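Chains: A, B and C, in written order; residue numbering restarts at 1 for each.
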């Protein structure tokens, strides 16, 4: 009945609103941010990296277990490369399947789309990048005892590899936990011939056990080309001489199996003398006892 | 004479003509006072045991120790116990070897104090461990580079030696107790029989016993020095202000002798009073012990001056706040209390002959022991409150330290336990060696 | 000199390993799975190369590198061969945000209130400038803590890291007394950690879960380093204060910047804490020069902390 409806509408509305907030269906919007980037490592097998984050208080928090679909060129069933789930870091790697070959060969410009459906607390999200196929050729030369590293950036244009002008790249030495800039600069820009030259100034840098270093030239999140890498092994380093004897040395801070000899000698000598005497005295006591039993 | 005259080789075992000495010195059952005393001690021990149960259940969080003051009164109690235990070697061994005749009635008092102190030192250190069930790791995985291993070895060795030095001179007394009719419960008589019946007092036995005791006396002196030097190295091997001192070994050993001697004086007075032993622990004994304690106190005071005045002269960066705190800051009242009550006033009392009478000696002895307990606390805690890097990014409660009730209960429980061992010992065994006393009384006649 | 074009096959397997590992290692696609040996499963997958070639790869190489929870105690005590880890902390960048502390406490499930990584406000003398100093365990080359441990519960490895074995520690706290940098903390009570963490099998390299009655401290995250990743404090710092690396490689990195260690220390006059004590720490500090922020800004974090507690 109308009057009843009117009277209770407002309080009911507020009740429901507060009820939903109590049950955790918060009214704040959770926006999932999807990112996709293209990597072409030195082994020439490209892959895409999907990244899922949420912005919370000016920080990007990685989101795991997000199901994302990666497409090429169009967001259609036929063009689905892979449906993947992000790991604990909110990332996922997608390789290009062999079946993609005809589409891949057809053009130099590729568009990759990643999208996710509404799930849990997130609305659907999507992102895309356009990549022009490119590659880096790396070479070295020594002029007047100065070692130079040459990196040539080429892009595929009309079926031909053309040099790229004003491409920014980094030229560095691979390390086990990072990438060390090979020269003075951090960034190098290619000239009209697509070449950037870096002067190698890391003399006597420890390399592998043969003294070899792995040089790497790469673009970092380039808008056109993504992340492409080129590597080269050069004998420009020195073999490191790690102190392998450290662990076996006897010292005060080594394990109990590697006590310094002087301490072992001193300690056991003292203990031996004292306890030797004690054991002797204990036998004297036993002798007294025996004597007592014998002489009745 | 190079052999000690404590056990001579008479033609027969010494006979006590009137049975007087034996009668006086035999252990007596507890009177009312004794029973109350024992009951109180047991009660304190039980409270301590309950506090330890709580600690086992919840972890060391029941104490008020923190990441800065990671060693509290358990460790200072440990140092205190190890210090007191040195008296066993002082009086028993050094005086025996030096043929100090008047020390005879005091040897067993000293030994039992030493043994019970060492036992409770071991107990309190296990109480301090975060993982006591892993105690065996010390033996299975022990690292001999660690000063704690040295401490474990020396304490174990010292305990064995002290037990032997308690047992071997007890053998002749056991014979006397086995002979004489005492009003003992049956199990006690059986026990005496078990541990002493083989002692017949033959010439051979006496000779071997003497030899053994003599060797033990020689052995225990370096071991006793080691025990407290090694304990001092638990502190001196660190970099902390107040601990980083080359003086620590001698400083600790001299302090140990002092507190041990003080404890013996207190025990002398108490046993003398309770068991009416005036004839055996005479005023002369107090007089002589007084002189000994004065010398030890002055020696310890000398080491204290070295320990504090020298760094204070330099006032190095990290030591400055620590020393100012001790002299004029948070710990000043405790510091000056320990110096005055623990050393200066007892010296003043005992410098005078009238001060070396039994009662003033007892008071001085108590002062020495109490002062020493607080001194050990001052060695452990203030240093920990002055780390080299600032006390930050840690819970607020870590920046102060006052022991919790559990810590007090356990510490007092350990002290009560040590006293309990002594009390039970006195109940079972004669606190003054009967045989030796008889021999000494007879000696002038023999000579 | 081998050119990439002519020896592509050689790069294939290593590259794939690198690529596979890339799935879990930030922006750097190169970090190999350190000493991880992946056994081929036999199952092949067909992938496309950039030139349109079809490559066959074993499926096992595509999986991300697994967690290294199966390091034995003996291996954990020995450490990673050929490495000598160092850390360089740039005091001219530290603003006392304490993100490093948060990350470390979170990832190691340190008992609330205690910190393995402490950020101290330091002022060496009356007229010298105050600065914020993050302090980790120094992983000394002559560690006083290791010298005094009676049961070998704390030990130094061949890669320079000093670890604690919480299954051996007897809780005597001698190491805490011996450490001049006050870096060790003690688990006075049962650590406040979730049940799933507490029931995990313990590993010296992860230092998780912490146990009641034992000592804990910064461990330079050897579990991360084995995977080819940086310790948590290094990646958590938004200002790139922490640099971590291998002295044998003469390089340190904070995740985005990599420097040659010897150059860095020489050019910026690096030093170590309490050098006079002879502990030979592995953590170097770069002096707080040319700061473009005020020291007092860092006090805000302290106020926030006291407001919370």
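As a working rule, a residue touches a chain if its C-beta (ideal position, glycine included) is under 8 Å from a C-beta of that chain, and two chains touch if they have at least 3 such contacts.
Everything quoted here is computed from the prediction, not taken from an experiment.
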Of A-B and B-C, whichever chain pair has more C-beta contact pairs: B-C
Maximum centroid distance from subunit A, chain identifier (CA atoms): B
Middle chain, criterion being Cα centroid separation: C
Distance between the centres, which are taken as Cα means, of subunit C and subunit A, whole angstrom: 14
Centroid distance [mean C-alpha coordinates] between subunit B and subunit A, Å: 62
Chain centre separation in whole Å, for subunit C relative to subunit B (CA means): 49
Overlap residues in subunit C, where contacts from two or more other chains coincide: 147, 152
Sequence positions of subunit A contacting 2 or more other chains: 252-256
Subunit B, residues touching no fewer than two other chains: 141-143, 145
Residue numbers on subunit A that touch subunit C, as the complex places them: 39-47, 49, 87, 89, 91-93, 95-98, 100-101, 104-105, 133, 135, 137-140, 172, 174-181, 202, 205-206, 216, 220, 227, 229-235, 240, 242-244, 246-247, 251-256
In the complex, subunit B residues that touch subunit C: 58-61, 63, 65-68, 70-71, 128-132, 134-135, 137-138, 141-143, 145-149, 152, 234-235, 237-240, 384, 387-395
Touch list for subunit A against partner subunit B, complex: 252-256, 259-260, 263-264, 267, 270-271, 274-275, 277-278, 280-282, 284-285, 287-293, 295
In the complex, subunit C residues that touch subunit B: 101, 113-115, 118-122, 135, 144, 147-153, 168-174, 176-178, 180-182, 184-190, 212-215, 273-274, 277
Contacting residues of subunit C [partner subunit A, same complex]: 1-5, 8, 11-12, 14-16, 18-20, 22-24, 27-32, 34, 45-52, 54-55, 57, 62, 64, 77-79, 81-84, 142-143, 146-147, 152, 155-158, 225, 228-230, 244-246, 248-253, 255, 258-260
